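Shared between the two complexes below is chain A, which pairs with chain B and chain C, respectively.
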Partner chain A sequence: MSATILTPPATPRRVRRGPSADMLRLLMVLALILAIIVVGAVVTDRFMRPENFANVFEQATDLALVALGQSLTVLTGGIDLSVGSMISLLSVLTSGLIDGNSAMVLPVCLGILAGGTLLGVLNGCGVVWLRVHPLIVTLGMGAILQGVALLYTRAPIGSIPDGFDSLAYGRVAGISVGGAATALIFVLVAAFLRYTNTGRTIYAVGDDSQAARLLGMPVRRVILLVYGASGFFAAVTAIYLVSRFGSGQPYAGADYTLASVTPVVVGGIALSGGRGSIFGTLLGAYLLAILNDLLNFLHVPTQIQLVAEGLIIMAAVSIHVERGRRS
Partner chain B sequence: MNGSLLAKARGVGAAKAPLAGRIMPPGFTSLLSRYGIYLFMVVFLLVAAVAAPSFFSRGNLSNLVLQIVPLAIVACGQAMVILVRGLDLSVSSVMATAAVVATSFSGHDADIPSIVLLSLAIGMCAGLVNGLLVVKRNVSPFLATLATMIVLQGLRFAWTHGAPSGLMPPLLHRIGAGTWGFIPMNLPVLLAVALPLVLVLHRTTLGRRVVITGGNPMTGRLLGYPVDAIVIGAYMLSGCLAAIAGIVLGGYAQIVDNWVGRGFELDSIVAAVLGGFALSGGRGNVAGVIAGSIVLALAGNIVLLIGLPVQFQIILKGVVIVFAAACYARR
Partner chain C sequence: MKSTRLVLCSILLCGTTPVAALAEGYQGAPRTELFNPALTSCIRDTSAFKKAGPYVIGFSNAGLGDSWRVVALDELKQGAQDHKDVIKKLIITDAGHDDAKQVSDVQDLVSQGVDLLIVSANTEKALDPVVTRAMKRGVPVIMLDRRISSDHFVTYINASDPEMGRLWAQWIVEKLHGKGNVVMLGGQAGSSPNENRMNPALEIFKQYPGIHILDTVYSDWSPVKAKQVMQAVIAKYGHSINAVWSAHGLQVPGSIEAFVEAGFKPGEIPMHTTADINGALQMAIKYKVPMLEVGDPPSQYRLAISVALKVLAGTPLPCVVTVNSQIAVTPGDETASIRGDLPITDLVVPNGAPDMLITNDLGPNYSPSTAHIDYPH
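== the complex of A and B ==
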């Protein structure tokens, strides 16, 4: 531990010899993606069409967005299990308040983004001031939000004006606009994590929050920031899902709570915090999307798809043995 | 209880030493953190008594216990996993699988031995996979058990083709939903699970070793305990108890779908944490877990008795989780 305090903790852990552990993990996920592509190319010739890849790129968007927020909380050694309920609540609010009126789109979306951020910050407050484990705080918050969503409506509600669905389905030169925007957001967040003080403090807090505090880093503010960010990206996902489905549903987000953690960890961010790259999360989301795509091509029944997904997760997370333990 | 031993053990190889909770003289805070859940339980019972006199009717009470027992059984297993610094998200999937297995036979009482054996075997296999992934491959428990949960889900759906058919054998239905007078018949199942667990964990060397290993695995290793076996054993026990709970809960409903036990993975974690098990491992006692399960169930029951819309059940549950944890389950 004392070594951690003496070396600058803001630097993400790097192995000097050879490629870094982060890089190895990225290469591994890429290799898995390539393997799936090869299998797809062998099994069906339609798999290699550009349209198929464009579809996968589009379909990964929602998961990538939630997982981005989740990555930030996990990097600080926390977790946000309220994202699913938050997406549910915010999606019914989005479509319920817009209700087909195009004049309402902008104010409602801004309000939803602000609301999501605020709820996330509230999570952060629970973690910081109540000093309760993030898992419990966000779980409790998730239950409350799900209840409120069901109080608001118990069935799909509202509708969206014409053109709002272009957020989810819009394409320029065959490439999904939403997907491209998401990739761009990842680049921006990665730059933020890499090149700003606050970004590096996020890694430091996750690596050893005690040491970070002793070094005078604003640990509490950073924790508020990451949970706020997680709430913000949950709000973005909610709006995106409304755009995709045309209405909000009170259980729209239920599956995202646990699903959002999968790409994060498959991509190499340690649940103990402080290590891993945000691009791993993006690749993790692409991996899951392309796996689903391949299994659909193979006409694999949904049941077996679940089994395959579980096995891929097991394989991906158990390949790097030495990553888990600190020396 | 074993504070001094733990403190010594932590001193050996401890990197971070979260000693505060144990070394402190038994002042108000530490009393609250140890007995807070019982306080909470009593307050809830009083609230229920004042708000809705019908709460203490025999019918409501025995029905409440019938609902608490499956959760308490799962939570006991979950608590053992949390004790060794893990989490088990696969319990709900194991529960549903056990219940589905139980309905896949002819529905006569003669099937019960095979049902129980097969379910327990499935639960323990799931636990074994979890444990091996965590211990041998160093996968984080959250993800290892999540993957097991998904795989089991898929296998279950493949096995049932989406819709389980058949009924629970009558005897299992009676155990899950019946009462002797006003004593719920599933209560003995909980006692049969919890009492040995209490005795082993809090009164034997093995139990102490588990607690020490959970508090600091390195210490356990230095003291020569079979750390890997202890951790794997905890996961297998959790899978086993989840299978038992699945059969009991399936018996309560009698007609089983693919989602028996949905939500129990998170509820059981909450019950264990409310009961005083720290997610950082090495702390907690089994009686608290049962009290935690009772508090969770009470939160739902009170809402219905007061006559609030059913959605308030989840909201109140969320409030209770955060508030109770903030009161006495701080990190």
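== the complex of A and C ==
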């Protein structure tokens, strides 16, 4: 960091109150997860089997990954509505370019990660230099990327070599490899946010970008970083989905655009930015996965599953909003 | 034909009451099996899956995205009800046409300890890894109407998709005398019924250099989307379109509507292929559209339960179980290769609902909007 740029305070005023408020939000999501587990345990003995929890841990992976990138943009007060289309495009490119050839796996995956990051940085450039609201910039980018995906292919394309699917389905000692790797990534990103100046600047920009700018913080650089990170995690999600589905599909990511926001808000990150913890996002993804699992065990029709999911989101968010007002 | 006439009389007597499953043409053994040129058939040994009942059967549905699938699910419930003495529970999950959810659904059904899993795969590649893993764990999986791309399952029940695709294509070729422009109106890209009808059809078209594929568009089996995509196609190619190869009947009414709204007079609308949907046949007659119907009967869902019980009894089974496709053509439009089992004018239910499936077997009073099928769950 340049000497002329003031270092942000280690714990900005409003963030100082943050940890306890954040902790309460996390506890609330945890309480909801525990409530679901209790209901599951009462209703059916098979729900409590370790294998079922291992499934849920694995099933939360894709949403957790894409929501991690989304969390970072939301923490700066922005949003990335291009992630769904980006996942679609990058997933068809991943399987289309690998096309069953194991020698292509590493170069293609590295290229996809770089490509996703670059597309994300382009989003960031739009936000910084065009001074257009992130919602508009990323919505436009999303439309372009979906179009490109459909130009590339209108049907599922390519295939993966044997063994590539263990990224999604692999288990070590009964624990999902992809799920464990995702949890580890969350820990690393959380440490980055807490212990580096750049990480703390992300919160400061979301809290009050004008103040951050006046304090000389590298606001533009931080915005490029978060959108780049969102693109990077969309690329990771795309590769993960190709591993889970065995091929890329031109609409593979369509549902993830808005779905990626759900764990973010359920986990307690304020849409206005500057407040919340990414562990809330991880717990939010686990909450949605275990809810889906419980409703399957209860044999609840999908239509009612959607209603239940909507109610949980509204309940969780209204509690967070209420707490936010009090603090 | 006698039974057909009787049924038609009953339609007239019923007036405007919608009735289904009426006309009967070919009632014999599956033609795909009889006409199979291979010297031997693939038969699956299921003795490893033999176990004592009563059974818990899981069904992972791709979704209920169109009226065909609503009727088909009722057929499955009826199948379970037919055998409620040996079926303790039929657990149904619905993925809402979301691959990610269906993969999770299959995992959840396996961890609920089902004795057998029936899967109708949203897309054939995406469900392949998870179904393959379920089979590896010893859970027998039956694919129903939508398969996975590999053959890691016990058996696949369907109305022969390649047969439908080829018959439609051959009919178009012969009607056009080998020369003309064809629009491919698909269903859901990547779903096995779409791919396994469209690819064999394209193989036929390729053999005729005079046949040009103008465009390939997808309707997601929806008449509304079909109308939108066909409006764009008609705006681009207009009267140079000579035939519309459609992968099912669900999207055909939307396509014909698009032609009508573009100013095509009755008799000018190019030939269409179709399956099952009453509305498509009604429009063929109303607007004088040459049409070939090759049925995809939803009764295959009812059959799936009997097949599941055979697997659990250890009975050997064909690797692919087909149900018959009814073949019907508009009068005067038969060709050298395509002879109808009955004319479309006999198959149509003139006063029936347009979204009625003329090929269901749930009885004359069945209506998907009012039916409540009881089943063990």
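FYI, the second predicted complex is superposed on the first by the 301 of 327 C-alpha atoms of A that agree within 3 Å, B and C clash if a C-alpha of one lies under 4 Å from a C-alpha of the other, contacts with A are read in each partner's own complex, and residues count from 1 in each chain.
One rule holds for everything that comes next: contacts are C-beta pairs under 8 Å (C-beta built on N, C-alpha and C of every residue); 3 or more make two chains touch, one makes a residue touch a chain.
All values derive from a computational prediction rather than experimental measurement.
In the model built by aligning both structures on chain A, chain B fits alongside chain C without clashing.
When the two structures are aligned on the shared chain, A:V105 is found in touch with neither chain B nor chain C. Between the Cα centres of chain B and chain C, as seen from that of chain A, there is an angle of 70°, stated in steps of 10.
Judged by the touch definition given at the top, the superposed model places A:P301 against both chain B and chain C. In the superposed model, A:A190 lies in contact with neither chain B nor chain C.
Within the superposed three-chain model, A:V148 lies in touch with chain B and out of touch with chain C [touch as defined at top]. When the two complexes are overlaid on their common chain A, residue A:L215 makes contact with neither chain B nor chain C.
Once the two structures are overlaid, the count of chain A residues touched is higher for B than for its counterpart among chain B and chain C. In the superposition on chain A, A:A252 contacts chain C only, with no contact to chain B. Using the contact criterion defined above for the overlaid structures, shared-chain residue A:L311 touches chain B, although it does not reach chain C. Of the two partner chains, neither chain B nor chain C is touched by A:A180.
With chain A used as the common frame, the shortest Cα distance separating chain B from chain C works out to 5 Å. Overlap of the chain B and chain C interfaces on chain A comprises residues 301-302, 306.
Those residues of chain A lying in contact with chain B across their complex are 1, 79, 81, 126, 130-133, 135-137, 139-148, 150-151, 210, 258, 261-262, 265, 270-272, 301-311, 313-314, 317-318, 321-325.
Interface of chain C with chain A (complex): residues 63, 91-96, 98-101, 103-105, 107-109, 111-113, 123-130, 133, 149, 189-190, 195, 216, 218, 377. Per the touch definition, chain A reaches chain C in the complex via residues 44, 46, 49, 51-52, 55, 58-59, 62, 154-156, 159, 165, 168-169, 241, 244-247, 249-250, 252, 255, 289, 292-293, 296-297, 299, 301-302, 306. Taken together, the chain B residues at the contact with chain A in this complex read 15-16, 89, 133, 137-140, 142-144, 146-158, 161-162, 266, 269-270, 273, 279, 309, 311-322, 325-326, 329-331.
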